[in-house]
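Below, chain A partners chain B and then partners chain C, in two separate complexes.
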Partner chain A sequence: MHGRLEIQSIVIPLLAIAIGPIVALITDDVYVLHIFERALIFAVAAASLNLILGFGGMVSFGHAVFIGLGAYITGIMSNADITALWLQIPAILAVTGIVAMVMGLIALRTTGVHFIMITLALAQIFYYTAVSSSTFGGDDGLVIYERSTFFGLYDPWDSWQFYGFVAIVSLGLIWLVTAVTSSDFGLRLLATRENPQRSAALGFHVLGTRLLAFVIAGMVCGLAGMLLANQSEFATPGYANWQRSGELLAIVILGGVGLRMGPVYGAFAFILVEHTLASYTNHWALYFGLILILVVLFLHRGLAGLVERVLRPRAAKRPEFEEAR
Partner chain B sequence: MTALIAEQILNGLQLGILLFLIAAGLTLIFGVMDFINLSHGSLFMLGAYLSVTFIGMFDNFAFSILLACLSVFMIGAIFEVMLVRRLYNRNHLDHVLVTFGVILVANEAVSMIWGSVPIFSGLPDALSHQVSLPFGIEYPSYRLLVIFAGIILAGGLFYLINRTRLGMLVRAGASNRTMVSVLGVNIKLLYTLVFGLGALLAGFAGAMAGPLLSVQPGMGEAILIQSFVVVVIGGLGSINGALLAAILVGLIDTIGRAFMRDILGFVFSPSVASDAGPALSSMLIYILMALVLFFRPEGLVPMQKRN
Partner chain C sequence: MAHPALDLSGITVTFGGIHALTDVNLTLKPGQIHALIGPNGAGKTTLVSVLSGELKPDHGTVRLSGENINSLKPYQRARRGLLRTYQLTALFQHIPLKQNILLSLEARDRARLSIGDLFRFGVSKRYASEVAEILENFKLTDKADVVPSSLSHGDRRRLELAMAIIANPSVLLLDEPLAGLSTADAVALVEMIQHQLRGKTPVLLVEHDMDAVFSLADEITVMVNGNVLLTGSPEEVRNSEEVQAAYLSDEDDF
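What follows is the complex of A and B.
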């Protein structure tokens, strides 16, 4: 199973980026592209969380902080007329990488409930910084006037071309996370999750492996924040709120934790449920809460597990690996 | 100046007491059942809403608070039997997610029933004046009542835990769950009672805090996160730790909010101070928590646990 890419991991993300344009062409409504852009962005963020949650067993309750960081850096740079992606992306990677490193060094000293709580606390520190930074809009958030550009290769204000940009970046990042989980490093990460003592005895650097995964996840999630800032033309402290972190966890669980394509299923299900219910009722969160409770109680391996059970009934009986504990 | 500081210390004490009531429930539920209950803040919110509703119906303050507490106890017990019980043998991630779902459901349900606009509950006339304390301190009588009622309830809780048979079972359950159930204790009933007790404490805190805060959907979340900070600083599962940490967090948070801007003003320019002051004061308790976890990961007063 490991060490090679599965067909699924290549095909599903391609389908995911194709579905938006197909629906837009059928309904002749460019607006639906925005919904699928959001789904792809959340898929990237959830995939990065799945790397540390599903494969590393680290239940981070502060992952949304990296979306916030990515969004704010993009917004601040774009509003200062530095819209070039070749400048924005290194800046985001550097900042989110350093923040993830510091956060990881503090949080990874703990495990279990303490890890959940300390990631939450560290994320709240960023949240309150953003809320009270009046230079960058404070509580009201930061309106972004320019979208990112890439050597003039695409027009960021054209709906189709902007969708193409989001789709290509998302596809690359989802594949990147898949490649990381399928690599030797991914196997080591799994080993540290399954049995830290034994991995240490085998000569793996447990803390280093976890920390590297945490930093990679933070950087990928920062780029998801970059996409979200461009998509919504807005950066708000709300992106880094603990409810957002909870939603990211929910998306990963909904899709199937520790399954490579889980986040894609989860993000699409989340955005579609949100969008469909929101057009019928103001209280869509009520139904989402109920769905979440039912999925955790009864759908053991989420949507991806369900798909697997339907497609390959025999293979699904031997789980690739057990879910995160 | 001394009067101002004394008043802020009293405010901090009052916040600390409220935090303790919520954190005590959280830490009990964690200590005995190993369950993380994010929806504890929703029980706090329910306490506030129910007390406001009952005050409107019966026009009797004390009776309404009592009725709200009992209702939240019942709701907590029913919630435990119907949902929480199924989750004890699941991992912590599942606890977090299910109770996160419950928060969403509770907030929406509340805004469907009572509307999403904040409601304010008036105080009875007897409690809406200022009291003169020694050293020339003027303090609202209702806040003083919150402090006293909280101290009495906290005392009752310590008596219950340390001096009664039920408390003995709770302590035994916290230190060795399997042994207690092997000894023939009805562990299911004990769990339901502990969960109900936690709910009652949160409901009482909500009912008492109702007139001090705006009662609105989502009001439980802010205080829930603070209570978790208290629980972690104090040591998961430790009631004594929760008391110490709650007073500490209440005082630091209140005094930070009141004076941080002035303190920073001594060192930095006024514009920096007015910008960084509120940010830093909101962060103080999280920084404290990160520091405590860094140096004493098991909390200030760790629970003794045998496995």
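What follows is the complex of A and C.
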């Protein structure tokens, strides 16, 4: 039973990176790669949110701040001619790690609604700082003139090669989050979600466990921001806006909270719905909202739960969340 | 044997103007099962919370094997071997029973958080044989993959006790382990405590079920209104008129 799930965690991300090129080849339209790049990037960001939300029980309403941080660091460095990833990535990890640590130390003193509000408030601090920083484009954002490079191994301006870069990084990060949830640490994280008092009574350090998860999620999401900055050649305060955080939450819920592959399903569904509906109407978010409501009402465990049910209709009732193994 | 396993002296707790505990002294000797009884509101659960570190007393000291543990947080006390169960079962409700047991074993072997946890996998494989044995011992084998939220009350109680026992505590606090159990389940659980804990682990047992208390306890402390009324052997407690007046007679319907 578990074997099957593990295979899913390996196969689904591989399918996710393969589907873009397949569609591009069939339609003979390289432009569609950009859509799938965005889907992969949001899958990574949502996977990092799912780590703290689904497995840690921490409802962060400020998670997009790490996309913003990652995007701005990438943009500022690239525009200063430091395009090498081996310099950009450590910088992003260091900054997002420290910010996540500080944010976590403040926000994790609370739980529930208070945690939601504090993460929201802290993220908005970054948003307004970015809006008012005229050096980095302020409200208009920062146009990025150079994409990140990796020892000249790929040409970032070639659509196919750039897609390959996004795909490989996304794949690595999604598997990384999956590995974290499957590790011993993942099991402890589940324990703090289920019953913090009991966790402490067993001898686990609840705050430390939550904080470590929060920092890992922040760093992974920062790298998603790096990808997004490269993809859109742009860094804007809007990336860190609370609406963006809300979208990430919506993606996780749509895909299935606490299910490892939920964010992948959720992100692809979100981007495809956005893309399809946006060509008909400007008010596509209204329809997305309706879809989300229907999913929450009728698909208890999101799209990933639905796939599970279709693949194995006669399986015994699954636990509500996936657990460490 | 120089120090008692657990020693409480002069514990006083007030909530606002209400004295929940007044100058409570209690000593738990190594290997002993010590029962704590008293009518509702006597302060038994408050005392357990003070012991486990979830509540700070206004006065008094808690010593574990002679060491003053007043300033230690619950997780630090747990790492020193002071474990507890809860009156209302406190399990990890939405993860399978087997994983609950794994968490308890993990806590026993390496409670400390480390970066290494991120790189260690296959926890169920590592403990496979031990978990199988525990499930067998506590008669939970066929429920290994069930989540506690859909277990029966009796099964949850057994799991709760199992999680405390397998972590190999140096002192175990059982807060009303028999509450809400059917007679048959209660008898089985008493048997389990006799079997698994007697003589090995010092136990502080808070319990309402008098049959269980008198069959298990080596020593009994009776509390009324936050005060210790009497500490003595089961015989002494049974024969004390004071205790009968204050407590036992009221509890006939139990």
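Criterion: the second predicted complex is superposed on the first by the 312 of 325 C-alpha atoms of A that agree within 3 Å, B and C clash if a C-alpha of one lies under 4 Å from a C-alpha of the other, contacts with A are read in each partner's own complex, and residues count from 1 in each chain.
Operating definition for what follows: a residue touches a chain if its C-beta (ideal position, glycine included) is under 8 Å from a C-beta of that chain, and two chains touch if they have at least 3 such contacts.
In this text the structure is predicted, and so the values were computed from the model without any measurement.
J.: When the two structures are superposed on chain A, do chain B and chain C clash or fit side by side?
T.: After superposition on chain A, chain B vs chain C: fit, no clash.
J.: Between chain B and chain C, which makes contact with more of the residues in chain A?
T.: B
J.: For the overlay on chain A, what angle lies at chain A between chain B and chain C, C-alpha centres, nearest 10°?
T.: If I round to tens, I get 80 degrees.
J.: Based on the superposed arrangement, let me know which partner A:S183 touches: chain B (first), chain C (second), both, or neither?
T.: second
J.: Looking at the overlay, what does A:C221 touch: chain B (first), chain C (second), both, or neither?
T.: In the superposition, A:C221 touches no partner, neither chain B nor chain C.
J.: After lining up the shared chain so the two structures overlap, which partner does A:G246 touch, if you call chain B first and chain C second: first, second, both or neither?
T.: first
J.: Chain B and chain C, closest CA-CA distance after overlay, in Å?
T.: Nearest C-alpha atoms of the two chains are 15 Å apart.
J.: Share the list of chain A residues that count as touching for chain B in one structure and for chain C in the other.
T.: The answer is residues 324-325 of chain A.
J.: Spell out the part of chain C that touches chain A in their complex, as residue ranges.
T.: 52, 54, 73-75, 78-79, 83-84, 86, 90-96, 99, 102-104, 106-107, 111-113, 117-124, 147, 163, 167
J.: Enumerate the contact residues on chain B facing chain A in the complex.
T.: Counting only chain B, the residues touching chain A are 30, 36, 83, 86, 91-94, 96-98, 100-105, 107-109, 111-112, 221, 225, 228-229, 232, 236, 275-276, 278-279, 282-283, 286-287, 289-290, 293-294, 297.
J.: Using the touch rule from the top, collect the residues of chain A that touch chain C in their complex.
T.: 179-180, 182-185, 187-188, 190-191, 194-195, 197-206, 208-209, 212, 319-321, 323-325
J.: Hey, which residues of chain A end up touching chain B in the complex?
T.: Where chain A meets chain B, its residues are 53, 59, 61, 106, 109-110, 112-114, 116-118, 120-122, 124-125, 128-129, 131-135, 242-243, 246, 249-250, 253, 257, 283, 285-286, 288-293, 296-297, 324-325.
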